[in-house]
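Labels run A, B, C and D following the written order; every chain starts at residue 1.
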Amino acid sequence: MLTGDQYLQSLRDGRQLYVNGHAVPDVTEEPLLRASALAAAEGYDRHYQPGEDASGPYFLIPTSVDELRQVQDMYLDWDFPTISTSNGLLMVLTAASRMRADFPQYAERALAYFEDAKRRDIRIVQTITDAKGNRSLSPSKQDDPDLYVRIVDRSADGVVIRGAKLHISSAAIAHELMVMPTKRMKPGEEDYSVAAAVPVNAPGVKIINASFAPRPDLDPDFYPYSSRHVMTEGFIVFDDVFVPNDRLFLAGEVEHSATFAHALGLWERLGSVGSYVRLADTLVGLAQLIAEANGLERIGHIKDKIAEMITYATLIRAGFEAAVQHSTFTPEGWASPDEMFTNAAKYHAAAEFSRMVRHLHDIAGGSVLTAPSLRDLRNPETGPYLEKYMRTMEGVDAEYRMRLFHTIRDFTADAFGGWKHVTVIQAGGGLYAQKVVVTNHYDMENAKALALETAGITPDGTVVSAAEVPSAELTDGYAPL
Amino acid sequence: MLTGDQYLQSLRDGRQLYVNGHAVPDVTEEPLLRASALAAAEGYDRHYQPGEDASGPYFLIPTSVDELRQVQDMYLDWDFPTISTSNGLLMVLTAASRMRADFPQYAERALAYFEDAKRRDIRIVQTITDAKGNRSLSPSKQDDPDLYVRIVDRSADGVVIRGAKLHISSAAIAHELMVMPTKRMKPGEEDYSVAAAVPVNAPGVKIINASFAPRPDLDPDFYPYSSRHVMTEGFIVFDDVFVPNDRLFLAGEVEHSATFAHALGLWERLGSVGSYVRLADTLVGLAQLIAEANGLERIGHIKDKIAEMITYATLIRAGFEAAVQHSTFTPEGWASPDEMFTNAAKYHAAAEFSRMVRHLHDIAGGSVLTAPSLRDLRNPETGPYLEKYMRTMEGVDAEYRMRLFHTIRDFTADAFGGWKHVTVIQAGGGLYAQKVVVTNHYDMENAKALALETAGITPDGTVVSAAEVPSAELTDGYAPL
Amino acid sequence: MLTGDQYLQSLRDGRQLYVNGHAVPDVTEEPLLRASALAAAEGYDRHYQPGEDASGPYFLIPTSVDELRQVQDMYLDWDFPTISTSNGLLMVLTAASRMRADFPQYAERALAYFEDAKRRDIRIVQTITDAKGNRSLSPSKQDDPDLYVRIVDRSADGVVIRGAKLHISSAAIAHELMVMPTKRMKPGEEDYSVAAAVPVNAPGVKIINASFAPRPDLDPDFYPYSSRHVMTEGFIVFDDVFVPNDRLFLAGEVEHSATFAHALGLWERLGSVGSYVRLADTLVGLAQLIAEANGLERIGHIKDKIAEMITYATLIRAGFEAAVQHSTFTPEGWASPDEMFTNAAKYHAAAEFSRMVRHLHDIAGGSVLTAPSLRDLRNPETGPYLEKYMRTMEGVDAEYRMRLFHTIRDFTADAFGGWKHVTVIQAGGGLYAQKVVVTNHYDMENAKALALETAGITPDGTVVSAAEVPSAELTDGYAPL
Amino acid sequence: MLTGDQYLQSLRDGRQLYVNGHAVPDVTEEPLLRASALAAAEGYDRHYQPGEDASGPYFLIPTSVDELRQVQDMYLDWDFPTISTSNGLLMVLTAASRMRADFPQYAERALAYFEDAKRRDIRIVQTITDAKGNRSLSPSKQDDPDLYVRIVDRSADGVVIRGAKLHISSAAIAHELMVMPTKRMKPGEEDYSVAAAVPVNAPGVKIINASFAPRPDLDPDFYPYSSRHVMTEGFIVFDDVFVPNDRLFLAGEVEHSATFAHALGLWERLGSVGSYVRLADTLVGLAQLIAEANGLERIGHIKDKIAEMITYATLIRAGFEAAVQHSTFTPEGWASPDEMFTNAAKYHAAAEFSRMVRHLHDIAGGSVLTAPSLRDLRNPETGPYLEKYMRTMEGVDAEYRMRLFHTIRDFTADAFGGWKHVTVIQAGGGLYAQKVVVTNHYDMENAKALALETAGITPDGTVVSAAEVPSAELTDGYAPL
């Protein structure tokens, strides 16, 4: 296993990074990006165990409901690249299991890759969304054939790929990119059906970065959350990158072009749902704290809004619990969470998030925006006034209350908050995509059977005369008033 | 155990029933009510086993998660009085468990009552909502002291009660009424703190009935569901009814006045949630069947609406699963479902029901209302026209499609549908009541701790300078883009 | 003009009507339908003025905003066939105006028809929705070519039409059917592009009726609204009906096949919006009355729900006012309400109706369903109990409160209520159709221009460097905190 | 009238300003604030006309519906202090009109102040929200009596006030503060019933500022909107500020303590609604532009979401139109917009805003967050890649599309976007406050009368037997199917 220092050293590998118009020669020195690297290094140190056979818990393959729940619980304490590594490898294994019958060589490579990654203790990020060009045209119909990543050359040793992948969280501080098709490809789009593991420092890989993080010269106390919690998003260019055969998991087999995306969705959305439980609880907590700090916690409409936030948190939690509890198992014995519950919870979390933030803003009031900075509190000319007027009662002083307002702004109504508003919708695909998956995994035959029974129509479509149904069959299990 | 016939015979016990302005000398002969009695009789026959020790599964006290799930699954096939008996006795046992420390005699009576009810194989209905008068005044402040059921006389042998209880489903066809206070009573309201089991035919009990059932002379095929599924609602008067001590479970102890209502809510709402899963699935099935019958099942906005209905069904199901899975156990070893999950699912089911019906109506179109009757289909003058114009394609004939429209109207847009719209909101208390319970059982301390951590405030309220947090502590478990 | 008696006499004209499986020889004698006829007769009497030149206000063509508002206000007091006559003729005139340039002969026939209808003082219903068969196929692709009304024969004198029209309100008690295509027809579908005025008693016309009205032998006091307010819905068959040329307004000109439906939508939706204002106000009133009767009108969450209902009513009213105020005028000087405002208000009214009813049910409580009948109140055995327990306080007696509950059930949670739930969605097309119209009439170019300005992009697509915008151009008209 | 330069010079008047922990000796030099001052100066230049009698249109008192609409239309092009001056003076005049009967001297002072402000061409900001302390206690019950602004000394010449006012937009660049009570005061709270005009540079006034504006050293092109549109929010301290009598408009008369807040709400909310129409249209435009740039504008669920955004924009517009159209007039002949329509539109705009932004985010996709900066586009190492992969089709190049993404982020998902999320809720009071005003101005008596009529209850409360209503009275104005 690697220590944090070894990890940081490993990032100085010639990778080509850019941000805000300039090159980044060393990610550990770049002001906007280094905090991410340090956070990941801290994760390495926390997990480090000496010895040849040691490996991080992020390489655990859960084989029971309890193990699956444990892994998901651990996610809440891990840095993002570590979560992504776990998620990405579970995705690869799920895909391998589904491809084994058709393409055993890919399944074997995937397993070998898993073992190799574990041995090297690397961090891997999932690399899926293409540039896409005109969405109304398929990959092969674009006026530039590179708008989806594709194979541009093949040799006995491997392939060469070209294109771009967008929205790749933590790419700048990971070791490898798990590249896969963004969607199902059709016959004739074989070159677009490519999955591979690509080192971040492979020749031809370039990453242009963006982040919600406040600029390093800004007052960190004005950003109580986002100054401490970072995420980089990478725009990754593959400028004719060579991939050797042993890192190639799909290279033209269109019938499995969607296997990776489906497997990714499975794991990523479960992880999202787990994190949204915490997110929803946090929103409830902020609402309750600011209501108490303002003396409003017993007002009817305030309690009502908090109760809606609690119900929101509880339904997401229920979806998470049901998804884990109803796991199925692959032939290899690996646990897979239930897709229907996972996606329903993800959809609800995403669809109602902005309404919950609206409740929080409605409860908290305008000081979310206008609370002066702690620097004004420290300024002897203005501090006493803020001490006097930003406190509300015994036990609620200005500094505490100002911090709550700054946090609510930072967490929900500033750059990080905006990032959250968008990611909650877009992570794992927009709302439409989640509806499609819920529908696909729902037991529609059962629903139709219930409807037919309700209608007095037999399964073969015969309409039964209501007068002929003996009253002895009358039953009603529906709830009482 | 009783057979169906024995049960029907047992209802001819002198009970005083009324409906639509006239007395009902024999409930098994009254057109509007007899179907309910016959349905319950059918339930008796289905469960009947000979022998002294035999007892129905509705007397099972679940002691594990699996048993609890089994009982709830069985509810879906039982008639309402049987469900109510199970629910009511589980309520009594839960209440007994909670009262045992303070009032062991009540706990013993409750247990003895449970055993006696089991031995006699009776049906019991929960009897809770009072007349209430002016809701802005407490029971003892009403201008008529009888607007909440109360003790008007006490003797060594028992008490005499007076008042009315409303919305008592299936009261007319049950054997006993499990009477309990509708809400927490305050000191000074001892006479209103009364819980008791009262036979339906006890002197002084009178029941005035209502029902959504179509009048018996109407075309049953126009009401494909409600002509076969019945429910009576009873307005029950207690005109100075004597209750002997061994049927008295509370008689003045205000500190336990809400214990019964809380225990009732627990069990009734879980049962409701279980039935709403089926209700939601049925709505999905009806939407899908009518979309297919109209050739609309591949249209984007139709699929989108059905996907929302599926998500609705799935979230309720998730809440039910999580509630059962997270059961706790009383000192006696009896399972209790999780209240937070139960109530969140109940709230969501109730709050969104009307929107789901709106989707169904939007998908189905105007023939929900205007489809002529099957009698018009049988009429040789009009039948051929309906055959021709109510069919849509190979495999979808007029009779089948008309039945679907009639069912959607009957199930969601006629007398039964209206009953469902109201009960889904009111069963177990209105939306506000459910929000209160969710809130009470939510782990607010955890939410506040998460919020404080997000804000960089220590548990003791100290605001930590963001600049002083070492970057090594940076983590982010939130979901990727 | 006709008197009510003359009108009733005019309905005995050999028309072929059916209901519930039997023929209706005389609509004025049929228990389920006669109330509609009597209501329309009362309308005749109310409007009757003697003299050759007299004509009803329903033949007024508004030529100013004020006149348009007056006509719409009058709608609220008219019976449905009278409203439909006004709406239908305004539709015909609007369509004539739009067709005048291309087909002046149709415009002239339409005007002549208007004058003739006015002279004869007849009632006309709009007849638009076809049987439609498989919705995924166009009219000419159906396996039965008659699933949309079509011309099956043409001669020098006129055409013969065949097919069915569904959901035709008040058809049984009107004089003529204004038949028009249900949607835009394509080249090759000339025979389906037919608009015509057809007498109800024309040979080959048959009407099968449905109604939400309570059966005549039911207690009218249990249906306080629907026993007094009636509507019949007709399923109309055209079994090879001859239409003479002077009643033919379209006969094959596919380019104008949608002109009638668009014009119909314009007028019908404005009328709907006007009636929804009253509907919404009525829901508010019922909520407030029952809250007051229960002593709940000062409870926070009750007031909150009523405030949402009030906001709903007010937004619909605003849409109605804006639609009328922003009328445009045809070359003939006839007023046309604004389509965008009309459709946005219609959409909002329809989309939120079920949520408003949910509020009403949440406020009112379970007695909406379980309040016994007034017959039970009149029964000396049960009346005193209901007097005692259904009253709540000084000034709120049992009869008044029971009537409120019966009304809420009848109006929103029984057969009429279900009819309302469906019609509010389906009248003028489902929610999707209304969204399409709003979109079509919205000024998207203006919206895009605002967005480009916000983005700092010039109208020709040039991205302006933000640094180059002089600060002197900074402005902000947005609202203050 | 003043020129822009004269205005900028006038701000160098010794005012005591602070921001981010330091004092601001000259607002026109402070990086974070100067853009606001320059924008206001530009407004002066635009309006400037020479001559003694010249005055800005912001001093127009509308006396007709058309004039009112004109003023509101002009708001959309004015800087905020100018809008606030107009709004504030209309508020003062409205309040004066309402106070005239009781306190003619205040009405005269207000009018004199209006004329003086017009003569001096000053900018005035409305100064209302107090520090408030513990919201569950009234002003006089706070543990610090200064938590609401109050009179601490009175003399023959005037009064001395102490306290703080929060969320005062543009205070730092205005000339005077129109101070008024934040809510109705009760007897005993005379000292809190104070309204006055206070110069920003009056001794004892100190303003601590906050702003959503990006820091001046950040890339303005990454903030295409907020780098050009600015707003400062002031936390204003009144440290024993003297107010002379002629600037005092209320000084202890509790019966008029809420008159100013009500008048403020009237004008501020109408202005808000006007700006929200533009805001909503802008959201629609952004959604349509990005959908077109991505080739998605013909996809069903995308069109559906845009249609909902259009309906949202249209309903707000309808509310604005109806509010203006239904203006009432004071005895002086001054126009007052309708409060019910204004507040319903304001509520709808606020309550649904976050859902509309959700639609925009759902349509736009993840590049809202991850689109690299234009600096990366200008960097020759990365620019060609972005040119290649951020374009989508002929006519949609990288720069244009990146600017759209940056704008959507800046406008809805970054610091300005967060400010907008909060202000749309909080401006003019939270959602609850708006519901209260809608309720207060709704014609509840009419709604109750309609409900009684529906119920068949006479105005005096008599329940009419349904059987006795002659059928001739049957009517139905409701909409057809």
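Quick notes
Following the convention adopted for this analysis, contacts are C-beta pairs under 8 Å (C-beta built on N, C-alpha and C of every residue); 3 or more make two chains touch, one makes a residue touch a chain.
Labels paired with UniProt names: A, B, C, D = 4-hydroxyphenylacetate 3-hydroxylase.
Predicted, not measured: the structure shown is a model, and the values here were computed from it.
Steps from chain A to chain D, minimised over paths through touching chains, total 1.
The interface holding more C-beta pairs in contact, when B-D is weighed against B-C, is B-C. Chain C and chain D have centres, each the mean of its CA atoms, that are 38 Å apart. Centre-to-centre separation between chain B and chain D, using Cα means, comes to 48 Å. Annotation: 37 Å between the Cα-based centres of chain B and chain C.
Counting only residues that touch two or more partner chains, chain D has 167, 233, 301, 304, 366, 369-370, 422-423, 426, 432, 481. Interface residues of chain D facing chain B in the complex, by the touch rule stated above, are 300-301, 304, 366, 369-370, 481. Interface residues of chain B, counted against chain C in their complex, comprise 18-23, 129, 131-137, 143-144, 146-147, 163-164, 166-167, 206, 208-210, 212, 215, 217-219, 233-235, 237, 239, 294-296, 298-299, 301, 351, 353-355, 357-358, 361-362, 365-373, 375-376, 378-379, 381-382, 385-386, 388-394, 409, 412-415, 417-419, 421-423, 425-426, 430-432. Here chain C touches chain D in the complex through residues 4, 34-36, 38-39, 41-43, 45, 75-80, 83-84, 126, 167, 169-170, 220-221, 223-225, 227-231, 233, 268, 271-272, 275-276, 278-279, 281-282, 284-286, 288-289, 303-304, 306-308, 310-311, 313-315, 317-319, 321-323, 325-326, 340-341, 344-345, 347-348, 374, 399-400, 403-404, 406-407, 411, 420, 422-424, 426-428, 432, 435-436, 438-439, 442, 444, 446-452, 454-457, 461, 463, 465-467, 469, 471-481, going by the rule given at the top.
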